[in-house]
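Here come two complexes built around chain A, the first alongside chain B, the second alongside chain C.
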Partner chain A sequence: MKQLRNHANSAAALLIAVLFALLLRDPVWIDVAVVIGIQALIALSVGLSFGQAGLLSLAQAPFAAIGAYATGIISVHYGGSPLAGLAGAIMLPALLGYLLARLVIRLEPLAVALATLSLAAIVEVVIRSWDSVTGGYVGLSGISPLAWAASPREYFWLVLLVIVIVIALYENLLASRFGRALNTLRHDRARAMADGVPVVAVSSAAFGLSAAFAGVAGWLYAHYVSYVGPGDLGTHLSISVVLMAVIGGASYVLGPVVGAIVLGVLMRMLPAQELQGLFYGGTLILILLVARDGLLGIAEPWFARALRAIVPQPARVAPEDERRT
Partner chain B sequence: MLLFTEYVIRGLFLGAMYGLLALPMSLAFVTVGTIDFAVGAYALLAAAIGATVGGTLGALLGLAGALVASLVMAAVFVLLKRAGHHDTIMIALSSFGLAVAIGSIVLASWGSTAFVRQGLDAVWTVAGIRINPQGPINLAVGLALLAGLTALLFGTGLGRMLRASAVNAQGAELAGIPVVAVQALIFAAGGLLGGIAGLLILYSSGLDFTAGLSLTLSGFAASIVFGVSNPARGFLGGLAIGVAEALSAGYGSGAMTALIPQFVVLLTLGLGMLGAGRYTGYRP
Partner chain C sequence: MSKGLQAIGMHKRFGGVHALDDAAISVEPGRVTGLIGRNGSGKTTLFNCITGFIVPDSGSVTVDGRDITGAGPQTIVKAGLSRTFQTPREDARSTVRDAVLCGCYVQSSASFLGALTGLPGARREERRIGLRADALLERFGLAAQAEAPVGTLSMGLVRLVEVARAIASGARYLLLDEPAAGLSAAEQDILSAQIRALASSGVGVLLVEHNFSLVLSMCDRITVLEFGKVLSEGAPEQVARDPGVIEAYLGAIERGDTGSTQ
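Presenting the complex of A and B:
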């Protein structure tokens, strides 16, 4: 029971994943679900950096692009296996994210947002102009598919599995000393310093880890589509994953996933592609104004009440010193 | 040498527009402590409207459009403050949302073709260098607005209120200054100055629907490179970045040129020069 309480989010994610895997049969929706799943993974990375560490990153899509290109280059130019690609797709974004964070984290959080925006622009220019390695405007095609997840349905299972693993890791992290340090420094940097938290190192590590999550999503993307181009994982995706995290509730572990599902399904119903940005931007502003903690923030009190009704809570035992007085 | 001089002059004309964008950005950063990511989008909107209608009327309508967009941002800012969000990241994030929304509106209504208008046909030849008079006009407009803004900041009651809100918002509030209203005014100023910059760019090099965020970044790079504390430094920063870009475009490659503002931002931030003054008690 204790295990379940500590891992409620992973358990819920696993349950939802199994339900989805059993219920989804339509090939069109399976394709949609794979794409939403990959976006949910990038949104989870926003949840870690923005929701837990308070660092707004506008470069999560470029981190995913770096992951996708890393595995693409290993696969196309060197004929390497997807697993070697996975190592590259995790390490390269993590290193870059860590170094960037290390550089700017001493400053106020706003500076981090700006630095990530600059980094996004740099990554985009490098991808477009480094023809011999990234394929320039043409992109990289012929990335080898995964032998053990060949059909879209199998790939969908793989994406679900990766999401559940990432959520379990994420949850473990939050329950650790590291996670508590992260939450303290988001609320009050001075307090965290006074508690002996190495602020720069902890924030940078969290940022690097979040970049690694995005890199894994890029790896999944590259091997699913078997192509990466310069326009695929760009600025519009960076804003939409931030939006997903904020809509679902960035500080909740499952918030970004909920946001990704809601937004992903809504986007399929939007008529004009050009108006996507208006929809994203408008929704972002609206949600910041009316429901800062996102959908899960709205649902939490109801959920807690329902839970109390079902599971009787043990009576609170007063601590010893309280009893004496 | 002649070529070098020509590049430098071209850079100064280009930089005047970055300097113009830097003015509202440094104002917003110093007084509100946030970044209005939508400043470049205001410029884009003004240019789009100005290109369609044309002439003086187009310019005026473009400015009005930019001003309306920035008033939306001001309203969002006031609403966020009313709702008790004092987190500057939230304000920056909503301005980012607005920038994306404006870019999308421009794409949906005007398509992806670039906006550019030929203003003046005349060409001046000065000491062997051919100059389109639009360049000196840009520089003159930029300098005039800088002078106007400086006079406003340091010569009027409103300017004093602005500076007071920047130094100590709480103290200013206690002294009876409507701090939130004053700060909202700064967002509106972003629309006005951004709109003017957009119109000047329209008549010089032109721009397309993707320009919004990159203009914001260039403007912000300009505003921080020599220190964010006063508008003149921001304008000077704009000129410096303009010259660096023109030299890089002349002697180097296009990709390198596009990266200059980004590297300026990363370098300035990396050296820890942004916002350091806030903790050492400087007075804007």
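Presenting the complex of A and C:
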């Protein structure tokens, strides 16, 4: 029972995923949904690194690019299976993220953000100039599709499945001593040190995990499009996913997913591409002004009231007034 | 001589300021030791050097015979030493139970990957420290507030949460940095009763305080610091009669120019 309560978010995500999968029939929207799902995964990685650990990263899209190129290179150059590619797409970003965090975590938050931006620049340069491996400006094409998720509809199911698994892992972590330590050190590092938390090691592990989430999104992207190019998963996307996480509510597990869906759908409905930047900026300012905790921050009290109305509250707190206060 | 917490020959300079100049203190298990001194006498520096938040220039700190000089806070917490903060650093939005669970960090041995994948071992650890936190809440009279956000509590209860969080690590020595600051007399009474109870259960307590009367009533031993040196050390009655202490510390209170809270 306790386990179910810990996994309220993944249960909700599963429910929404099944509903979506059953209702979505239009092939255009299925394609949109796959792309939004992949972006939601990268936004979830922002939720973990920024929302929980307080580390603003502008390298989440490059981490996804590393995942995409890892599986692309294994598939195109070595004819390796997508599962081998998946291992690379998880390990490589995780390792790089962990090492970067280990180096810079002691710095001021702004310096950490700039360090991730530098990493993003380095990754992009390497991708563009290492022709023989990454295909340089041309990119890598001919990445093998997944045999067991060949149609867009099946692929959509796969993306949903991955999202639900990632959310379940994320929730496991939050319900553990590491999740509490991350929340403490985001709030106040000295407080976490006094609890005996090895601050650098725990933040670096969380950052590595967040990079791995992004890497999996890159893996999904590469096998969906069967091509990956140097401009596909760049800094523009890094900023978009931060916006998605913040707008949905970065500290809520499902916040980044909500943000990805809301922004993704609105983007498709906007008439002109040029308006996107204006729209992004305007939405962010609006959210920061009216709801620091994002859309889920607005929804939470309302949701809690609704829940109380539906489910009769069990007497959780035992006799109250016999204790001194 | 191996039992107890000892800091000897502690030196620390900040630029031209000799904050600690051969300071020393010892805390015995089951006793409450007071560390007093005027503002700038080096109490907080000594406190931070012992708990690993500042690395001393020289000196040695041992816990039950184990040398922890210059170690990081996480090593020191594992060695059985926990601290609280002068200004509580609790997250106002976290629940009381979560705050105490945070203090259980070193009590759990769940690995990162184990926690992530929800392995049975990690879940077992989680249940175990859950029970530990509940027992502590019960012991400190906080069970009714378990699910309340820390921000909604009175200062007196927040201090109790801090103490419960510190002792949750399994600490054998508890270092409290001005725990009574900002508390009403009634709240101070509850806090001192809890601290005395901790000492009776075998915990060695080091109390850094401004409030001389509270220290006199609560402590078994008192160390007085002045200009980074030990001015006096001994039983409360003895220290209170020490002419040097009366001149340097109590005299100042009578003139009304210390930062004393009561």
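Heads up, the rule we're going with is that the second predicted complex is superposed on the first by the 313 of 325 C-alpha atoms of A that agree within 3 Å, B and C clash if a C-alpha of one lies under 4 Å from a C-alpha of the other, contacts with A are read in each partner's own complex, and residues count from 1 in each chain.
As a convention for this text, contacts are C-beta pairs under 8 Å (C-beta built on N, C-alpha and C of every residue); 3 or more make two chains touch, one makes a residue touch a chain.
Since we're looking at a predicted model, the values are computed, not measured.
Asks: Touch check for A:R268: first (chain B), second (chain C), both, or neither?
Replies: Neither chain B nor chain C is touched by A:R268.
Asks: Touch test for A:R308: chain B only (first), chain C only (second), both, or neither?
Replies: neither
Asks: Touching A:L107, do we find chain B (first), chain C (second), both, or neither?
Replies: In the superposition, A:L107 contacts chain B only.
Asks: Report for A:A205: first if it touches chain B alone, second if chain C alone, otherwise both or neither.
Replies: second
Asks: For A:L119, select first, second, both or neither according to whether it touches chain B, chain C, the two together, or no partner.
Replies: A:L119 contacts chain B only, not chain C.
Asks: Would you mind writing out the residues of chain C in touch with chain A in their complex?
Replies: These residues of chain C touch chain A: 51-53, 72-74, 76-78, 82-85, 89-91, 94, 98, 101-106, 108, 110, 112, 115-118, 122-123, 125-126, 129, 141-147, 154, 157, 165-166, 169, 190.
Asks: Once bound in the complex, which stretches of chain A touch chain B?
Replies: Within the complex, chain A touches chain B at residues 54, 56, 58, 103-104, 106-111, 113-115, 117-119, 121-122, 125-126, 128-129, 235-236, 239, 242-243, 246, 272, 274-285, 288-289, 292.
Asks: Which residues, counting only chain B, touch chain A once they are in their complex?
Replies: Contacts found on chain B: 33-35, 76, 79-80, 83, 85, 88-90, 92-94, 96-105, 107-108, 213-214, 217, 220, 253-255, 258-259, 261-263, 265-266, 269-270, 272, 274-275.
Asks: Within their complex, state which residues of chain A touch chain C.
Replies: So the residues of chain A in touch with chain C come to 3, 168-169, 172-173, 175-181, 183-184, 187-188, 190-199, 202, 205, 209, 316-321, 323-325.
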